[in-house]
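Below are two complexes that have subunit A in common, paired first with subunit B and then with subunit C.
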Partner chain A sequence: MSVSRHSPARSVAAHAVLLTYTLIALFPVFVIVINAFKSRKAIFAHPLALPNAETLDWVGFKTVLKQGDFFQYFLNSMTVTVGSLFFVLLFGAMAAFALSEYRFKGNTMVGLYLALGIMIPIRLGTVAILQLMVASGLVNTLTSLVLVYTAQGLPLAVFILSEFMRQVSDDLKNAGRIDGLSEYRIFFRLVLPLVRPAMATVAVFTMIPIWNDLWFPLILAPAESTKTITLGSQVFIGQFVTDWNAVLAALSLAILPVLVLYLIFSRQLIRGITAGAVK
Partner chain B sequence: MSDRKPFRWHIVVFLAPAVLVYTAIMIIPLFATLNLSLFTTVDRVSQFNGLGNFRTLFGDPRWSASFWNALGNNTWFFIVHMLVQNPIGILLAAILSNPRLRGAAFYRTAIFIPTILSFVVVGFVWKLMLSPIWGVAPDLLNAVGLKSLFAPWLGKEEYALTTLALISVWQFVGIPMMLIYAALLSIPDEVIEAAEMDGITGASQFWKIKLPLILPSIGIISILTFVGNFNAFDLIYSAQGALAGPNFATDILGTFLYRTFFGFQLQLGDQNMGAAIATAMFFIILIGVCIYLFAIQTRLRRYQF
Partner chain C sequence: MAEVTIRDLRKSYGGVQVISGLNLDIKDGEFVVLVGPSGCGKSTLLRMLAGLEEITGGDINIGAARVNNLPPSERDIAMVFQNYALYPHKTVAANMGFALKMRGMEPSAIRTKVERAGEILGLTPYLDRFPRALSGGQRQRVAMGRAIVRDPKVFLFDEPLSNLDAKLRVQMRAEIKELHQRLKTTTVYVTHDQIEAMTMADKIVVLQGGRIEQVGAPLELYDRPANVFVATFIGSPSMNLIDGVVKGGMVDVDGARLALPPGSTASEGQQVVYGVRPETFSAAAEGLAGTIAVVEPTGSETHVIVRLGAREVTAVFRDRVSFRPGDGVTLAPDASKAHLFDKATGQRIS
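And then the complex of A and B:
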C-alpha cells in the first residue's frame, strides 16, 4: 500500500503542479521588478530579460523620488499602521482577557456582539463614518484612519486572542492572586507575556489589510499631507501612466517593503492561520 | 450574589475600550447608514422619505439598470471565485499536506506572496502584464503557439469582468490553500492509517476520507469568499477606475456605491442613495451569512477527534 503513496511518479507530478503554480504566482511580480531597473528602450525590446550593464537605468526611481512625496506617504502609512496595531492589540487583548477569564452576566452576549464585526464589513457604514468624521473635524487626519482601523481590527483580534487566553494555566493566575497581585497586574505581567506569539499572529493579520487599504484613505484622508503609500502610489501611477519607467519603479517600491516584512514574519502568519483554522 | 462579591470594576475596565471604539466607529455608523437610507435631501434639508430611495433604486429604470448590472456582475465575480479559486486552493493544499513532500514550506510561502500585495499593486501589475502595448502576454502566448488567442482582455466588454475575477483569484488563492491545508493537517494519523489498512489510498483516500472531514472548512471559505466579493472595490477601482469600464462591464456593488456616494463626472454625489445601496449590500451579505449559519453550517457534520 505504501508503494502507491510514495511512488516517484506521484511525487514528480506533485512537484510539477506546485512549481507551475509558484511560477504563476511569482512571475508577474518578477517581471515588474526586473523591468523597473531597465531603460525605456529595453523595457519594450526585451521585457523578459534581466537588466544588464547596458540596459540598467535608474531613471524611474529618480522620477518617483523627485515627483511624489513618497517618504511622507511612507511615514503616514507607518504611523497609521503602527498606531492602529497598538490599539487593536491592547484593547483586543484586554477584552479577550475579560471574556475568557471571568464569568459574568452577558459574557456570551458581549462576545457575540464583538464577533458580529467579523462577518459584516465596516465599509458598509462609510456614509455615516464620513459624517461622523466631518462633525468631529477629523477629516484629513491620520487619527480618523487609526480610529476606523482599530474598530475594523478588533473583532477578529478579540476572537483569536480569547481562544489563546483560555489555554493560559489557571494555577499561574491563581498563584498570582494569592501573592496579592491585582487583576490588572495579572493581565499585564503574567498573561500578556505568555500570549506574545498569538499577539504577533494577530499583528500580522491586522497589519496587511490596513497597509493595503485604499477605500478609507481615499474617502477620509485624501489630502496631500495625509496620503498613505497605497493611495499615494495609486494617484502617482494614475498621473504617470505613460511614463513606464516611473510606473514600474513606483510598483517595485510598493512591493519590496511588504515583501521583506512578509518574508520575516511569514512563519508567524502561517502558524496563525493554521492555529486559527483548527479551532 | 452581589451581597457576597463587590462589583468587579476591572471587568468593565478591560472591556470598555474595545466595546466603546467598536460601537462608536462601527456599529453606530452602520445603523446610522441604514437609517440615512430612509431620508432624502431636498434643498439641503433632510426629509423622511420612507422606502422612497429603494423605490427609486429598484423602480427608476436609470437606477435599477445600474443596480442589477452591478449585482449581476458581482454574482459572476463570486461564481468565478467559487469555481476557480477554491478548487485550486483545495488541490494545492491536498498536495502540500503530504507529509513526505519536500520543500512544502517554500511553496507555501511563495504561493501566498500575491495575497500580501495591495490591490493597487495587483491591479496595475496585471494591467501592465496584459497590456497590448507592452507585449508580455502576447509574447508568452506566441512562445507556446497560441498568439491568436490574445485580445486586450481588460478593454473588451465581454472579457473584462472575468479577467478581473481571475486576477483576484490569482491574488487570493493563498487563503483557501492555507485554511484547507490547516484542516488537512488536523486530521489524526489514526484515521488515515485505518483507511490505508482498508486499502483506500491516493485519490480515493482524498475523496472518500479527507474531503468529508474538511467540509466545514470549505463552508467557512465559501462564506469568507462571499463576504469578501460582495464588499470588493479596490481591485476594480485601481484597474478600471471609478467608472468600472469598459461601459460599466466591470461595475460591482462596491464601485456603484462609491460613484453614487461621491458622484462622478456630471452627476453629484448623493449620500442618501449611497446609503440605500450600502443598505442593499448589507442585506445581501446578511442573507448570505444567515444561509451559511442556519442552512449550511448546522447540516455539516463536525467530527470530534
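And then the complex of A and C:
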C-alpha cells in the first residue's frame, strides 16, 4: 500500500466505518447467543442484557439435546454441506480447467451456459426437481440434497475458477507436459495448488447458503432421519407457541460448525479476494 | 544428441496459414537461432518441435525418429521458457529433478545429477530454496538446470532472456553459449533480438510471415544478406537502403553516382536498392552530400544521422569526429562492401 494512504485521519475514519459495520453485522448473532443462555422470562424482560447468575438458564440447550435427534441433524447438515462442497469444488474446477485451457468449438457458449445459473435461481425449478427426485426415488435422502446443492453451487464456482485458471502461466503447464505429466496431473498437481485461494473463496461462498438453507431440506428431505439442523430447529417454532430458549440454543449451536469451516478457509479466502488487486 | 530435420512443415489455425511448407536441417550439436519480428511464426515453430502445438502437415524428425505424433515427454527434448515456468511449490532441487522422478529414476541417481547440474550452473547453495526466493537470473539458471539434468537430444529455448534486465541478459547470453560449448547438445533458440542471434548462433534462421528468409552463419547473413528484409533485420544500426537506377555501370542516386559492388550483375536501367552498412560510410570529398541532423556519441563509436534530401541515412564512425548538427557533410560508401538489391523483388543482385 502506498505511503500517502497511511495518514492517521484516513486510517481512523476507515476503522470507524469498518467497526460500525462489524457491530451491525454481529449484533443479531450476539443477541441470539446471549439469549440462548437466559431463562424465558429474562429473554422477554431484558433482551439485550447479558446473562447473570439469576437469569442464567441452560433449559434451551437441555431441550435441544433432549428433543429429537439433534446430533443426527448436525451430522446431516455436515454431510450435505461437506459433500456438496466437495463435488462443487471438484467438478467446478474440472469444468473451469477445460474452459480455460482447451480451445474447442463452443467453448464460449458452454461457458456462458454454465454462467447462466448464477443469474437464474435454482428454486425456480423446485417443482421439476421434486418430480425428478420422486421419480428417481431419492426423496428423503441426503443424496437428493447433495445433488441439488452441487448444481446450485457449480455456476459460480466455474465462473470464478475459470477466471483464476486463465492466470496460471501457460509456460508452467507446458513445462509440466514436457516433464511427462498427464493432463490429470497437470490439473491436480500444478493448477489446483496455484488456484487454492480461489478455491477457498468459492468454498465459503458455496458453503454458507447450503448450511443455512431451509427450502430444499423442507421439500426434498423432511424425514426425521434426514433433517438438517436448520430444518430441525423449526420444530421449536410453532404457530401458537414458540420455545424461544430452544430456538436460540439450536441456532447458537448451528453457528459453530460453519464457523469452524470458515476459519479453515478464511486464511486462503483473504488471499483469494486480494489476489490481483495487490501484487 | 541428434540432428533435427523439418520437411514441408505447415501450420494453420482455422483457415489462416501461419507456416507454409517450411524446410530446415539442424545438424547434431548445432546452436540454431530462430529470429524474426513478432508474429513471424518462430515461437509456433519451436512449440511444434516441442510437441506443444499440433502440426497441420509435413514431418519433424529428431534423430532417427519421426516425432509428429509423439507427446512432448516422449520426444526427448527439454525446453526453457521465457518466464522460467518453475514449479512454485517445489524446491530448486525438486524442480530440476522432477522430470527424472517422473521417469521413475532412483532418488540417489537424481540427486547426483541435480547436484552436478547445480555445480555447472553455480546453483549449489540454492538447491533447497524455493523459486520465489531467487532472483530472475537464478531462476533462469534453474530452468536451464531442469533442462540439463535430462540429457535431452535437443534443447529448446523460447526467448529465455526477455524477462531479464539488459546487463544480466548479456551475462546470461555468454553463459548459455558457454554451456552449449561444454555440453554440445543440439539447441534451438528463439529470440526477436538480432544481437542475441548474432552473438550466440552457429546458424541463424531468419523468419518472416511463416517463411524462411535466409539461413546461414551470423557473419554470412551480415555480409551477404539474401534480400532487403534480412539486410535491415540483421545489424544495428540497420543497413541504409538507398533507391537508385543503374546507369552506365554506376548507380545513379538523384544525380550522385555510386560505384556498383564487385560482382554485381545488375543490368542497365534496372531500378535497384543500394544497401550501405552504417560503418562503411566515410566522410569524403565526393559522394552523397547532405546535412547532419543528429549526432549520437556512444563512446566507442559515433552514430551520425544525415539528411540527404528527403531521406535519412545513418553513418557510424569509429574514430572521434567533431560533427555538429546543421553541418554539411559528404558521405562516400565503400563500394566493395555495399549490397545491391532489385527494387521490385527485394532480392539480392550479385
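Note that the second predicted complex is superposed on the first by the 214 of 279 C-alpha atoms of A that agree within 3 Å, B and C clash if a C-alpha of one lies under 4 Å from a C-alpha of the other, contacts with A are read in each partner's own complex, and residues count from 1 in each chain.
Just so we're on the same page, a residue touches a chain if its C-beta (ideal position, glycine included) is under 8 Å from a C-beta of that chain, and two chains touch if they have at least 3 such contacts.
Bear in mind that the values here come from a model prediction, so they are computed numbers and not experimental data.
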| item | value |
| --- | --- |
| Which of subunit B and subunit C A:83 touches, first, second, both or neither | neither |
| Which superposed partner A:51 touches (first subunit B, second subunit C, both, neither) | neither |
| First (subunit B), second (subunit C), both or neither touched by A:60 | neither |
| Partner, of subunit C and subunit B, that touches more residues belonging to subunit A | B |
| First, second, both or neither for A:122, with subunit B first and subunit C second | first |
| Partner chain in contact with A:217 - subunit B first, subunit C second, else both or neither | neither |
| Which of subunit B and subunit C A:171 touches, first, second, both or neither | second |
| Residues of subunit A defined as touching subunit B within the complex | 1-2, 4-6, 10-11, 14-15, 17-18, 21-22, 24-26, 28-29, 31-32, 43-44, 47-48, 87, 90-92, 94-95, 97-99, 102, 104, 110, 113-114, 116-117, 119-129, 131-132, 147-148, 150-152, 154-155, 158, 182-184, 187, 208, 211-215, 219, 230, 233-234, 237, 244, 247-248, 251, 254-255, 258-259, 262-263, 266, 269-270, 273-278 |
| Touching residues (chain side subunit C, partner subunit A) in the complex | 47, 50-52, 71-73, 77-79, 81-89, 98-99, 102-103, 146, 158 |
| Interface residues, subunit B side, partner subunit A - complex | 8, 10-11, 13-15, 17-19, 21-22, 24-30, 32-33, 36, 88, 91-92, 95-96, 98, 100-101, 103, 107-121, 124-126, 128-129, 134-136, 139, 170, 173, 178-179, 181-183, 185-186, 196, 199, 201-202, 217, 220, 223, 227, 231, 233-234, 237-238, 254, 257, 261-262, 271, 274-275, 278-279, 281-282, 285-286, 289 |
| Parts of subunit A lying in touch with subunit C, wherever the complex brings them together | 169, 171-172, 174-181, 190, 193-194 |
